[in-house]
């Protein structure tokens, strides 16, 4: 297909060979690392500002214009802080913890298409790959919590394990519902299949249910309120990262926000047409890679804002209620929903605006 | 019940076998202290009969003292004591029962935390501050102070040159 | 059917909660409508006239105060935050030696702002100031001498 | 049929372990330390360890005069400091048989109710935070700020007011007091339904609260619970109704009592009490009688020989002040029966068998203020 050639990273890679190829690989990786840091910091800032406005406050507004450099200053502070490891800690696991978490989050970003031209690597099992990789992150949480030899951490990590195992299922079924419509696991093809109508509207009823399930499960997977039992600050202090300081803590913190970004990006890719402009309003303009990214980040931002809205409104669930919600409500509904969607796709009861308006 | 009715009701118990004194000593065990001005009916009872008396106060259907709403440790100089503040939720009457230990060196009183669990922490506090031990208390410990703290701060003879400034 | 009813009620209550926070968020982000933050150094705080900041001694323009050194405040103070050092000096007018304050020492660090000293003062010599900048790097600066150097008793207070 | 549950459990070796909750823990609201014995996440034993901020107020009182005691009581339950002050002032007045003027009574009652609302507002905000809804805190503080300003305008302090003295109050009411109170009542009537929409109605909140931490009626009596905790179990323990003091005999209000005995009942009691307090304020704000705000009293108060007891209803429950006087200027013995201390006693039993998250919620509805427990 033409599409794969549109990727500027793969074009760049194909134009080189030998040592240059390796160099370009490293450059792309560095680019992603930079994006990771910036996006993480900006998300933290966004969270704090949004929280401020929800809570009748202003949020950080002193460092730089509109407080833009606040989180950068915070990051600098965290870098300069002493990293101390508890005496009793299992040092290998303690350190492995945050590396695993952050690497899992980073790999996840790699397959997300920011626009038609910009994507780290476009493999043909893209969505499956993300689902697989994002569940590796919980291993890091378990490692870190076990390694730091703190009972609070351990309780948090055990909750995290439970939560991850349960909610992966629902998220998976929601993804399958979309894949049924797209007919492909490849991220770019999923987006391209929404050219005429976004899946949220194309699949109407089952798609909306899948969307809600995915948002709920995604919130649970990124350990945010109302599913932040892993940290549960009023119950467990700081949960799994109680014993971390300095950059160790910062890695966990950043990874949490990147995970949230991944969930939001996936939602916008799966349901809201990824980089596609609504009704193709920017299709004729130059610099398509920019407009793709613009729409993508706009949609992702809206979803992120929705997640933040949840966070600053809802109380936290209890662990048994969390499991009840999953096994008694989300999973059965998700299962039935998948079957219904399959029926819809088979009978072609989908809404396709392209066909209706006959373009 | 009004205070007069309570006095009549309770002082009648002096005739009962469990509260009858050996031949010597004062004429009755349950003393109604009417000379000290107090908002409640004030009753004094020796430590040996405290548990029986309180149990009877609680279980008597006419009195039905089901709430222990306060307990105060006291240092009376020669002896140490505890004042129990009892109240009946249904009958709406209140009473205080004061008891004194034998001596200051090894004060020992029976616990009432099995009658009213409300006494559980109060007895810990009194042990902590006055050094009165409660026999049969489940988990008596220094509540506020460290286990190795010396002395009992609310006793009148407690001396601390650094912390207590007399004006 | 009960199953779906439960889900519907749950979603409704959740949306209700979100409407409350949303009701505050959107006007806030556009116009800062409900923002209650007082940006302290830029916006001066509201200080009420009765605010109990610290005890000060009133002095008039001739550097005269109303404290006779009767020590009523020192006795009234529960924490010993007031100490009065007094001296006997000849009165410039009558020549009699009489008791007057040398130093009225006030330990702000020990003060609990209970107002008992001000109630106790028979001559209204001391009063509350609304100064709230009490933070300091050195605890010793919290010990203050309330009467200004060289000040003397206002005439006619002792009667 | 195979007993699946037991056959599985017998093979797994489990072990109970201890968890230190506090003194540095976000949910203990200060320095309460509970040593929890846990089986998995289920609490099977609670052992309190207190005294991290024990200041020996009862001992300090023995060296202070009756006027000087009052400022110490501020520091017990700092959220109902005015009510604590009043308890001592009332005890002293009762001992001296001083009848204070109507104005003083009304001022005290209004301040009491403002304090109660402020305390319940703080509790509501923190309660939300304890179960994870972080926004409630700021909303409650916005409204509490209005009370703090009313307090500051009249008494000169926001929290530890030391406003009562034996025989009256320290200052007269500020002229702006009625206006501010009316504004506040109007504002509160608007925001309280909003609180309900934000938190009370929330399905997650309901699930977390309903049926959790059940305190039965007879247990509440026996375990020494008072205040909203006991009223949540269906007990009519409101001292304001049972032994009216100050101006409570001339106002009409309903005693908030719920039968449930669970977290939600205790929550509802406090929410309803806020409405009741607003009612009381509304009845009093327009007719504050004229009169002196301090009764003539000797500067050095000496109580007659005897025992004196005064019970008041603070925001957390019954506060009892027990003064034994030997006729000198200092009390012979002062005992404060603090509501938090007795309610903690009840928590030791109520908390058993629930999960850590539930224990946090239960502690939250018990509304502890640690200086009140430690004294």
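A few notes on this one:
We just call them A, B, C and D in the order they show up, numbering each chain from 1.
Definition applied: a contact is a pair of C-beta atoms (placed from the backbone, for glycine too) under 8 Å apart; a residue touches a chain by one contact, two chains touch by 3 or more.
From a predicted model like this one, the values you see are computed outputs, not experimental measurements.
Averaging C-alpha coordinates per chain and comparing to chain C, the farthest chain turns out to be A. Taking A-C and C-D together, the pair of chains sharing more C-beta contacts is C-D.
Mean C-alpha positions place chain A and chain C at a centre distance of 52 Å. Between chain A and chain D the centroid-to-centroid distance comes to 44 Å (mean Cα coordinates, whole Å). In whole angstrom, the spacing between the mean C-alpha positions of chain C and chain D is 26. Among the residues of chain A, those touching two or more other chains are numbered 54, 56-57, 312-314. Across the assembly, chain C contributes residues 14, 17, 20-21, 36 that each touch 2 or more other chains. In chain B, the residues touching two or more other chains are 165, 167.
Taken together, the chain D residues at the contact with chain B in this complex read 47-48, 50-51, 54, 56, 58-59, 63, 94, 218, 221-224, 226, 235, 237, 242, 304-309, 318, 320, 322, 324, 333, 335, 337, 341-342, 344-345, 348-349, 374.
The residues of chain C lying in touch with chain D in their complex are 9-10, 13-14, 16-17, 19-21, 36, 46, 48, 50-52, 76, 78, 112-116, 119-120, 128.
Every residue of chain D that touches chain A in the complex is listed here, in rising order: 17, 19, 25-27, 41, 128-135, 137-139, 142, 198-199, 202, 204-205, 207-208, 355-358, 360. Looking at the complex, you find that chain D touches chain C at residues 64, 67-68, 70-72, 74-75, 135, 142, 145, 149, 152-157, 160, 162, 165, 170-171, 174, 194, 197-199, 201-204, 206, 299.
Residues 7, 14, 17-18, 20-22, 24-25, 28-29, 32, 34-37, 39 of chain C are the ones that touch chain A when the two sit in their complex.
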